[in-house]
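Below are structures written as structure tokens.
Shared between the two complexes below is subunit A, which has subunit B as its partner in the first and subunit C in the second.
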Partner chain A sequence: MANPILQVRDLRTQFATEGGIVKAVDGVSFELYPGESLGIVGESGSGKSMTALSLLRLVPEPGRVVGGQVLFRDQDLLQLTSEEIREIRGRDIAMIFQDPQSSLNPVLRTGFQVDEAMLAHGKPKNQARARTLELLKKVRIPAAESRYKDFPHQLSGGMRQRAMIAMGLANAPAILIADEPTTALDVTVQAQILELLADLNRELGTAIIMITHNMGVVAGLCTRVLVMYAGEIVEQGPVEQIFANPQHPYTWSLLKSMPRVDALRHERLRSIEGMAPDLLRPPSGCRFHPRCPFRIDKCFTNEPQLEEVGPGQRAACWVTMDRARKEMGADELKDIRPGAGSNVHPGEDR
Partner chain B sequence: MAEAAVKGTPAPAPSGAKSLVRVENVVKHFPAGLGTHVHAVDGVSFDIREGETLGLVGESGCGKSTLARLVTQLIPVTSGKVFFGDVELTKLRGEKLRQYRRQLQMIFQDPFASLDPRMTVGDIIAEPLDNFRIVRGRKRNQRVQELLKIVGLNPNFNNRYPHEFSGGQRQRIGIARALALNPKLVVCDEAISALDVSIQAQIVNLLEDLQREFRLTYLFIAHDLSVVRHISDRVMVMYLGKIVEIADSVETYSSPKHPYTKALLSAIPVPDPKVQRGRRLVELTGEIPSPINPPSGCRFHTRCPIARLPTPCAETEPPLEEKRRDHLAACHFSSDV
Partner chain C sequence: MAATAAAVVTRPIAPEQASLWSDAWRRLRRNRMALISAVYLTLLVVVAIVAIFKTPYSYRAVGVALPYSGPSAANWLGADILGRDVLSRLLVGAQISLIVGVGTQVLVLAVGVPIGLIAGYYKGVADSVVSFIINVFYGIPDLLVAMILLLLLGPSLNNIIIAIVATRWMDMTRLVRGQTLALREREFIEAARASGAKPLKILFGHILPNALGPIIVQATFGVPAAILFEAFLSFLGIGVQPPTPSWGSMASDGLAAIRIAPHMVLAPSIALSLTLMAFNFLGDGLRDALDPRSRR
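And now, the complex of A and B:
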């Protein structure tokens, strides 16, 4: 494989709150390769969006990136001055957000806002405008010339997200970070936007970081995936492998708990009991242990690190699903209750 | 059939099953200024059978939430009739209607907005009991604790406030409130859409357990067709104020009879890369037209991949009719879907 275009090492982002320090991103490391499409999945509060915002130093107050490195073209983005990082944003690394309504300025014409993305990086006005029209066509906005003059409220949700993508692509960035870009859209529109992103990824070779809670989106668009839980990566690897043979109990549970539209029989969903941990006081040992069906004694006290569990696949788990299947009857489990497979319950076995 | 067996509820006989709610040709128009109207719900007829879960799907603006409010009579119909058992709700007013509403409860989407932050959980759950003066004092408290237990919460939480609970727990509180009056029909309007995946499964399982235990009938509304298909016995698909298809939930997926249903299904990503990459997206052209001035003939003709224009699709509205046993669709060319 080629050299990574982006290397994130031990990234830490924290929020100082009245109750104490919230470790939103806690030692996240990964690489992004040129032209690939990397998914970051997790539930609310897992730190997936904060990871993305940290890369471009866009973490809102009172949050701060307190440690780690984000290496892009031999420089650490975390060490740049605010002028230098502004040069990178939108030119080399662009970002699109969940809600295109609030990301667009309601009093400026849509086309002009795409122009602005280029004017900010020194492109002459007439060239910017020509490129905007080209981009609006590229993202399949019909009647681009008249849409250029429309205000955001005159566009539908899907059109606005297309305009946002056009803005993101304006300076032909090497990396496009998409933070839940389809969550606010209807499924038919979501499907169109995902197809557009896949085409752009193929045609332009723009590397995509796709932040989402939807495993289906990852399955359709991404080649590799990082699964996050409570501020940490718990599993990562090639998409085919992670879906076919997840090794972390959290990844496994997540896949089991989703109803599938192509399912032919009605089976009871296997829900993950409990709720996401309070990041002010994260659980000791493995952060998933309070909800994990396959926890063993060690999980309560020792934090597992990411380790190779297959070709290119790494998981942070003392047990892993191979063992849970063999020794704990994982496939027969009806409910994903804490300790259901391993029978390890605090206060009883310990 | 296999599905019903797994769920433990008998499959309703296609035509013989008793209907709990019958909706007849219901129309709801909202004034949109200058004499125009939003045709939110435009002549729909269906029934909800006793003990079943009827799923309702459609994209934003198709009228599904308006329909929910019409079924529960939270808003009056423009025309048409809604029956609850043998009683015509649309004829009732005031106190009489209020008494019937006890049997029709709703669970809402946003567990943050639908609970009063200044009321204790106990008072929130007991509010319906107080409204109808069902129980008081120690008995009231007992009932609240019993309800909390039913939805899987600690019964001693009745003195806490909503902010002390997570989204999933709040949704359980909303469910407890809906069950307080022993309703027959519970309308779940996007009740799990705001929750995380792992929490969604908990609530879906809870709703299924409660249905079995209390013989509830559900109208389950969501934009996520995979969840709707999972929980429902039958699925109803709406487009622009009209019902375009009603069928058994397995059949909806295996052999849809309306091109819109097919497109909707193809757009839902399957969490399996091998399957997902082999699927073909039925691309819909254009945008959802305005419900103020809906298209002539079949409302879907402007985006339909198999429409024959102008005749008949742009001229004649296809009736919602039985295409197979217990499978209704409104399409001139349903055999081509």
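And now, the complex of A and C:
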């Protein structure tokens, strides 16, 4: 594979709150290759959005990136001056947000806002205008000329998200970060937007970082996926492999709790019991152990590191699903309850 | 939610609902008091401009009529203590009032908008300093600040405007700061930042347009407050200096002769009241028209 376009090393983002320090992103490392589409999945509060915002140094107060490196084209984005990082934003790395309703300025005309994304990086006004019309057509907004003059509230939700994507692509960035871009849209529009992103990824070679809680979105768009839990990456690898053979119990649980059209009628949809951990006081050992069906004694005290579990696949787990299947009857398990597997077939000396 | 639902329902019926401004104009036109006020104020401005070139008599010509004489065909609003024509003086007074009213608000905007934007957007030390100064100014009585400034600077029209701005800039600054604090957390500001917009662009191109409605309303209410304050200063004798007439000093002159020549008090007082009322009605109308929640 070619050299990575973005290398994130040991990224740490923390929030100083009255109750103490919240480690929202705790030692995240990954690479992004040119033209690839990388998914970052996890529940709310797993740190996936903060990871994305940290890359562009857009973490809201009182949050701060406290450590690590974000290498893009041989420079560490975390070391740039605020003017230098401003030039990277939108030009080399663009970002689109969850709610297209609130991420467009309500009092400015839609087309003008796309213009502005280019004007901010020094493109002359008449060129920007022509490119905006081209972009609006590219993201399949019908009647682009008249939509150019519309205010955001005159557009539908899907159309607004298309306009946001046009804004993101305005400067032909190398990387497009999409933070849950389909969450606020209804299902048919979601599919259209994902298809659009996949086409743009293919045609323009823009690398996409797709942040989502929806495994289905990952399956549809991404080639590689990172699974985050409590501010850490717990598993990563090629999408087919992760879906076919997840090794971390959390990934396995996420996939089990995903509704599927091809599921058998009698098969129940399972949810993961328990709640996402309080990051002010993260659990000892493996952070997933309080909710893990297959925990063993070691999980309570020792923190596992990411280790090779298959070709290109890495997971941070002392047990891994291969063993849980063999020894703990994972495939017959009815509920994803804490300790469910390890209690039926106690592992090790528990 | 109800507002959005209503908007969706009304859209096919009112397709001309294009922007905040055309919407606001449509609502303002339905407000009769605001409309009458706007017409009155337009006339006042026209009259004040005409009065620069032509008044029935010179405002400073003494003895054009008998001192204290009441309204007559030659002097519609009578004459004052020196036999000067009250109508001519009233018209010139209108110029003074409008210059003071509009001039102070222009300066208040020039001071309050940038300071409020910066304090609200950057927060931290800048905001603490601005908030502290605002509180200090609120703590000192308006009249004291104005009197001290006028004593130091001397009572000219420019200095009166400066003195009034010194007592009135805080409201606008606080309003803009508050609006900015709320707007900076909105997602479209984050989106603008993520697209590489410069800080000045975010302040004046994204935040300010969204705060324009409340700012316009505040400025509209600020005009009558400034006119009243000028009248008050002139009434006390530290405002516009004779022989230049001001509605305040005219009322003050007339007060001494209220038993024999009530028209000397009534003419400037009624003009002042009508003008203040008109600005307040217009401000109310603008507030209702620019409030997106009051969809009518």
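The rule we apply is simple: the second predicted complex is superposed on the first by the 342 of 350 C-alpha atoms of A that agree within 3 Å, B and C clash if a C-alpha of one lies under 4 Å from a C-alpha of the other, contacts with A are read in each partner's own complex, and residues count from 1 in each chain.
In this text, a residue touches a chain if its C-beta (ideal position, glycine included) is under 8 Å from a C-beta of that chain, and two chains touch if they have at least 3 such contacts.
Note that this is a predicted model, so its numbers are computed, not measured.
For the composite obtained by superposing both complexes on subunit A, the positions of subunit B and subunit C are free of clash and fit together.
In the overlay built on the shared chain, the residue A:Asp99 is in contact with subunit C alone; subunit B does not reach it.
When the shared chain is aligned, subunit C comes close enough to touch A:Glu116, but subunit B does not. Across the overlaid pair of complexes, the angle with its corner at the CA centre of subunit A and arms to subunit B and subunit C is 80°, in steps of 10. The larger set of touched subunit A residues comes from B, when the choice is between subunit B and subunit C. Touch criterion met: A:Glu87 reaches subunit C, while subunit B stays clear of it. Of the two partner chains, subunit C is the only one that A:Leu58 touches; subunit B does not reach it. Touch criterion met: A:Leu108 reaches subunit C, while subunit B stays clear of it.
Once the two complexes are laid over each other on the shared chain, residue contacts for A:Leu254 go to subunit B alone; subunit C is not touched. Contact with subunit B, but none with subunit C, is seen for A:Leu194 once the two complexes are overlaid on the shared chain. Of the two partner chains placed by superposition, A:Gln127 touches none, neither subunit B nor subunit C. Subunit B and subunit C never share a C-alpha pair closer than 5 Å once the two structures are laid over each other. By the touch criterion given at the top, residues 56, 58, 60-61, 86-91, 94-99, 102-108, 116-117, 120-121, 151, 153-154, 164, 167-168, 170 of subunit A touch subunit C in their complex.
Residue ranges on subunit C touching subunit A, taken from their complex, read 7, 18-20, 123, 186-188, 190-198, 201, 205-206, 209-210, 212.
Interface of subunit A with subunit B (complex): residues 43-44, 156, 158-159, 186-188, 190-192, 194-195, 213-220, 239-240, 243-244, 253-255, 257-273, 275-276.
The touching residues of subunit B, when paired with subunit A in their complex, are 2-3, 6-7, 59-60, 166, 168-169, 196-202, 204-205, 208, 223-227, 229-231, 249-250, 253-254, 263-277, 281, 283-284, 287-288.
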